[in-house]
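Dropping the structures in below, format is structure tokens.
Two complexes come next, and they have one chain in common, chain A, joined by chain B in the first and chain C in the second.
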Partner chain A sequence: MADTSGMSGGRVAAVRDDYMELTRRKRLYSGILLAVFVALMVSGFMVADARNAGGFWDGWTNVLDFPRVVVAEAAEKAGELPGHLIAFFPALIETINIAAVSTLFGVLGGALLSMLSTRGLARWPRLIPLFRRMMDVMRAIPEIVIALVLIFVLGGGPVPAMIAIAFHTVGALGKLFSEVNENASLKPVEGLASVGATWTQRMVLGVMPQVAPNYLSYALLRFEINIRASAILGFVGAGGIGYELKNAMSWGQGQYDESAAIFLLLFATIVTFDQVSSLARDRLTHGRKSEMLHQ
Partner chain B sequence: MTMTADNAPDLRAQAGRLFRRKRLTAFGIPLLVLVYLVYAVFAFDVPGLIRTADPENGRTLIRDSYSYKTHVSRDNRSGEVSVAIEGERKGQYPDGTAPGWVALGETTVITLDGGGIVTFGPDEVSYDIPGYGLVTARPGNGGANATFPTEELPEWINASKNRVAITTDEARLTITRRKTEVFRYETGWELFFFTLDSPYHGVGPGEIAARAMSGELPAIWNDFWHNRMWRHADVAWALFETVLMAFLGTFGAALVALPLAFLAARNFTPLMIVQQVARRFFDFFRGVDALIWTIVLARAFGPGPLTGALAILVTDTGSFGKMFSEALENVDGRQIEGLQSTGAKPVQRYRFGVIPQVTPVLLSQVLYFFESNTRSATVIGAITGGGIGLLLTQAMITQKDWEEVTYYIVLVVLMVFAMDWFSGWLRRRLIRGDDSGH
Partner chain C sequence: MLRIEQLTKTFGRNTAVDAATVAVDKPMMIGIIGRSGAGKSTLLRMLNRLTDHTSGRVSCEGREVTALRGAEKRAWQADCAMIFQQFNLVPRMDVVSNVLHGTLNRRSTLATLFNLFPAADIHRAIDILDRLGIAEHAPKRAEALSGGQQQRVAIARALMQDPKIILADEPIASLDPMNAQIVMDALRRIHEEDGRTVIANLHTLDTARRYCDRVIGMLHGRIVFDGTPEQLTTGVARDIYGADAGFSEAATSTAIEPVETAPERAVHGAKAIV
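What follows is the complex of A and B.
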């Protein structure tokens, strides 16, 4: 009796030592990882600081100088602001149009590619890896690369930006869509196949109704991202509000009232679409949940 | 029984309405999309674009991306002949040397593929074009003074008094009063490894390896790394700078956003006003687009990678703050209560009750952003002037270094692939068991 209790006591002590040892080692590893991370951050910051034209420590007190000048000038010429807002509104519409058209093409292309690369749905199962790699490459190429090449060939304007963003969107949405497709039930597809439906009919009638809410939710999210992207691409010469901003900025001091108007338009647009799309997405997912509960 | 009979027409009408509505949406939505696209065609002025588009630019771009041209030019005043790759000083053959198809001498003879022969004589230039005949010219004060074998010129010859341009599949000859030049296209990226002034130019890979083994490796590496045509060292540094921007921006944003996210989470901040302030703060930082932040910050810090990193940091603070606070609101309260029951202090409750729960979620979001920010850093770099984005735009602005543009594009894609793979690997390593969930 005394023996066994002594033995179990020893075992408990051994287990505890083991556990403490394990915890200590885990902490050590976490500590090392943290130290490496901090070292990377600090040294990275120092390298970036050294390579920058203006240093961080000199510059950070001036961060608000530019916004202050812009706000002051805008306030000074507050009377002209509504006029500027109206003048730049068409450019804003162009930016939104670029985002909308590229999202539309992205949804169409992404849906097609995702179905071609989902097991069970694919038209040519052997080519699944090919379509997957294709989406990876489309996702990997930054929009600016395609936009600049197309600007050279096609000339400046909204179309190069639209194609560039659509290309990227196809890859990005294709990946998300194929994750949605994996969860789609194959029963309607098999049912349609048994009555002799073609592949297109199976996809449109069997899969689409199941995945449409999720597709729409991802598409809305992407639309919001694409508005930002099309504004940025405008800055490198692809039309829309970004291009106007670049021009307005080049007027320089004393002329920032136009820039202020553009900042305001861009900010309002992004916040609006951000809120609307998050509301709509919320309704899409929650609406679906409640329907599922009813069944 | 009677009830169903009574209700039947009603139900039928209901079903009919439902079908009508479905049919309407099934046809209506595609129709709306189509109408919108037609509107977009005109809004984007596609017909005008097709008119102004320059397919010649596209052809040049594609040809240049996989081939290079060697310029053989003769100064018509002094009679000097020089050979240079892409016509650049950096790619010039040293005096008295030339590639095998150019025979320098009193009369320089250039042998082209397909049997064409161009000669640069002391006063006369000639191009023997197979299947057409001999074109001769005596460029001088009177102009190009060219004579052609046929009266009627084919469309690939463009001749005026002062300028003659002959474009064939293998080469292009231009004769002006001052200068005679032959461009010869060849496949490949010439001088990619070593420039002409390096002793290793034109040496086969086997011999390079052998020489590297015998102690010349530093010299070989130096010649390759500091290649003046392709600037491998600068390109590698630019790639590093781009990744650095993404790294500093993403992880910096995560560090700033984490404490703020606690303030915005419903279950951690009972004070409604603090919550609302924190949330509006995030909305503001997200709403002011990366483009605007980039411009504002570039004013304060000047161009460079730090500006790009800060622009990413500021924008992503908003996104992370929102995502983190949502993750924190989904934290399981029972674990925290359990810790509380053992007498844990607030700091300990956060450390052992909250952090272990949210870390996998937050980390996986941060790593996703890291990968996508590598791409954003390329674009932001083009605006602020840092990293591979800057090199890319610079090479594109010259409108002739398309082989370099292609090289950068390939590198950018490889970089994004590498980051994608790396962040995925890190995610799997740090968050064990996460793959089962996905």
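What follows is the complex of A and C.
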């Protein structure tokens, strides 16, 4: 029985003691960490509440007032709702188009930047920090700031919104994609390098097939976020359903049925794209599954 | 003790396991051999209930294994340990924690989430590791160990479950010959000293012959051979693997000592031609 005879009793006792000591220390650290976390949470909440103009405990019961008014008015004028839905539909299409185009550009740019900034895959390994910082900058500047500047330069409309959202999406997706890339196996890449493939060929043919399902699910999530973002940019004059929502809400009480219609449209859109994205993801991974079952 | 009756598993139009019937009356060491894709893994996975069966039944000491649900099913899984080809440890956790995972079924979820295990269990885990000769690696991360050491950690996790049956799915297929022998010796010793039933999928005939009391051969999902290692002649082996006369055990043997020398093989080859 080779190598399974065991150690002498004294050595085992030493291993036991060492391990118990290690465990005790780990538990102590975890306990301290937990206590600090709870203390920070509680004190942070109290500070925030004290600095709040109204006070959380008095105000939170009113949180539902606005939705209640909107729902009540919408229910009152339920007959006009289909008309509103039809009236605002073109604006919704414009919003979705802004989101779709900016997501498309964001995915392309993000994929490129992510490959350039992943260790092991990068074309110029020394420039990884540069591309990382570029993505950081893209994420750091709020979409609304870019949109406002561009609207000032280019005038109002969907193009500034599209550029603003695409810029932010490149940074956000680039980071997520590069984390996906880190988990990709380098073996196929090495295999392609061994046949003399260029960097682009290695990335597209060796890495993309591995990461495509994850890319797709991140891209679809980002598309949902971008629909919401392009709706918000409507508030600052970039067109689409956000512009209509701003108008509907600023008219105040009596016009909330229009707001309700727009909320309904936005909700239905998000639900639809959520369903479509899970379906698409299933399709993409299903091919793999059937291969795996065929063991 | 363990009865498998007409156990069948189909994936779409493929039948992975076709009406397998096996009865085990006393603790023994059983080797399952066959080509890859013959259904060996699926059979073991159905015994552990990792994979659901399509039809048939498995019973063990009055327990209707194939009908168990929820907590009862997990209790059965705790009694029926599984060892995998790729070890299936948690790579970033230390060796002792991995072994302690064998007790998860008995412990409350909350305590285990914070990695809190009783000191007695920790001592037992280290004793088991010592029995398998790897106690000195106790505080290391599982991923820092070699393949053979990781497989012994997996065996320690299985022993920690204190199971009646240990299922081993190709336990030595990713190991070099030396580590393969250590792991197989450990499994044999567990069977002999603890009286546990060990059922192992093996991809080399000589391993099955050397370590097992009983060998089951599978081909295309069916059990085509069930007998002692002595009954497993080269001719029978050829049938199990669906191979022709060119099939030679020695060509794929992983044993450190040669199974048969070249002249013997020549004799076998001659016999096959005759």
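Rule of thumb we're sticking to: the second predicted complex is superposed on the first by the 190 of 295 C-alpha atoms of A that agree within 3 Å, B and C clash if a C-alpha of one lies under 4 Å from a C-alpha of the other, contacts with A are read in each partner's own complex, and residues count from 1 in each chain.
In the analysis below, a residue touches a chain if its C-beta (ideal position, glycine included) is under 8 Å from a C-beta of that chain, and two chains touch if they have at least 3 such contacts.
Note that the coordinates shown come from a computational prediction; the quantities given were computed from them, not determined experimentally.
Engineer: By residue count, is chain A touched more by chain B or by chain C?
Structural biologist: B
Engineer: Please work out whether A:V236 is in contact with chain B alone, chain C alone, both, or neither, and reply first, second, both or neither.
Structural biologist: first
Engineer: Identify the partner contact of A:A72: answer first if only chain B is touched, second if only chain C is, both if each is, neither if none is.
Structural biologist: In the superposition, A:A72 touches no partner, neither chain B nor chain C.
Engineer: Output check: A:L104 vs chain B and chain C. Expected answer is one of first, second, both, neither. What do you get?
Structural biologist: After superposition on chain A, A:L104 lies in contact with chain B alone.
Engineer: Using the touch definition from the top, say if A:A39 reaches chain B (first), chain C (second), both or neither.
Structural biologist: Touch partners of A:A39: none, neither chain B nor chain C.
Engineer: Applying the document's contact rule, which stretches of chain A touch chain C when the two form their complex?
Structural biologist: So the residues of chain A in touch with chain C come to 1-7, 11-12, 15-16, 18-20, 22-23, 26-27, 30, 290, 293-295.
Engineer: Which residues of chain C touch chain A in their complex?
Structural biologist: 11-12, 14, 36-37, 41, 96, 114-116, 119, 122-123, 126-127, 130-133, 135-136, 138-139, 181-182, 185-186, 189
Engineer: Which positions of chain B touch chain A when the two form their complex?
Structural biologist: 33, 36-37, 40, 43-46, 49, 52-55, 57-58, 61, 241, 244-245, 247-248, 251-252, 283, 286-292, 295-297, 299-307, 309, 375, 378-379, 382-383, 385-386, 389, 392-393, 396, 399, 405, 409, 412-413, 416-417, 420
Engineer: Which residues, counting only chain A, touch chain B once they are in their complex?
Structural biologist: 37, 40-41, 44-45, 47-49, 51-56, 59-60, 62-63, 65-67, 93-94, 97, 100-101, 104, 136-137, 139-145, 148-149, 152-155, 157-159, 162, 228, 231-233, 235-236, 242, 245, 249, 263, 266-267, 270-271, 274
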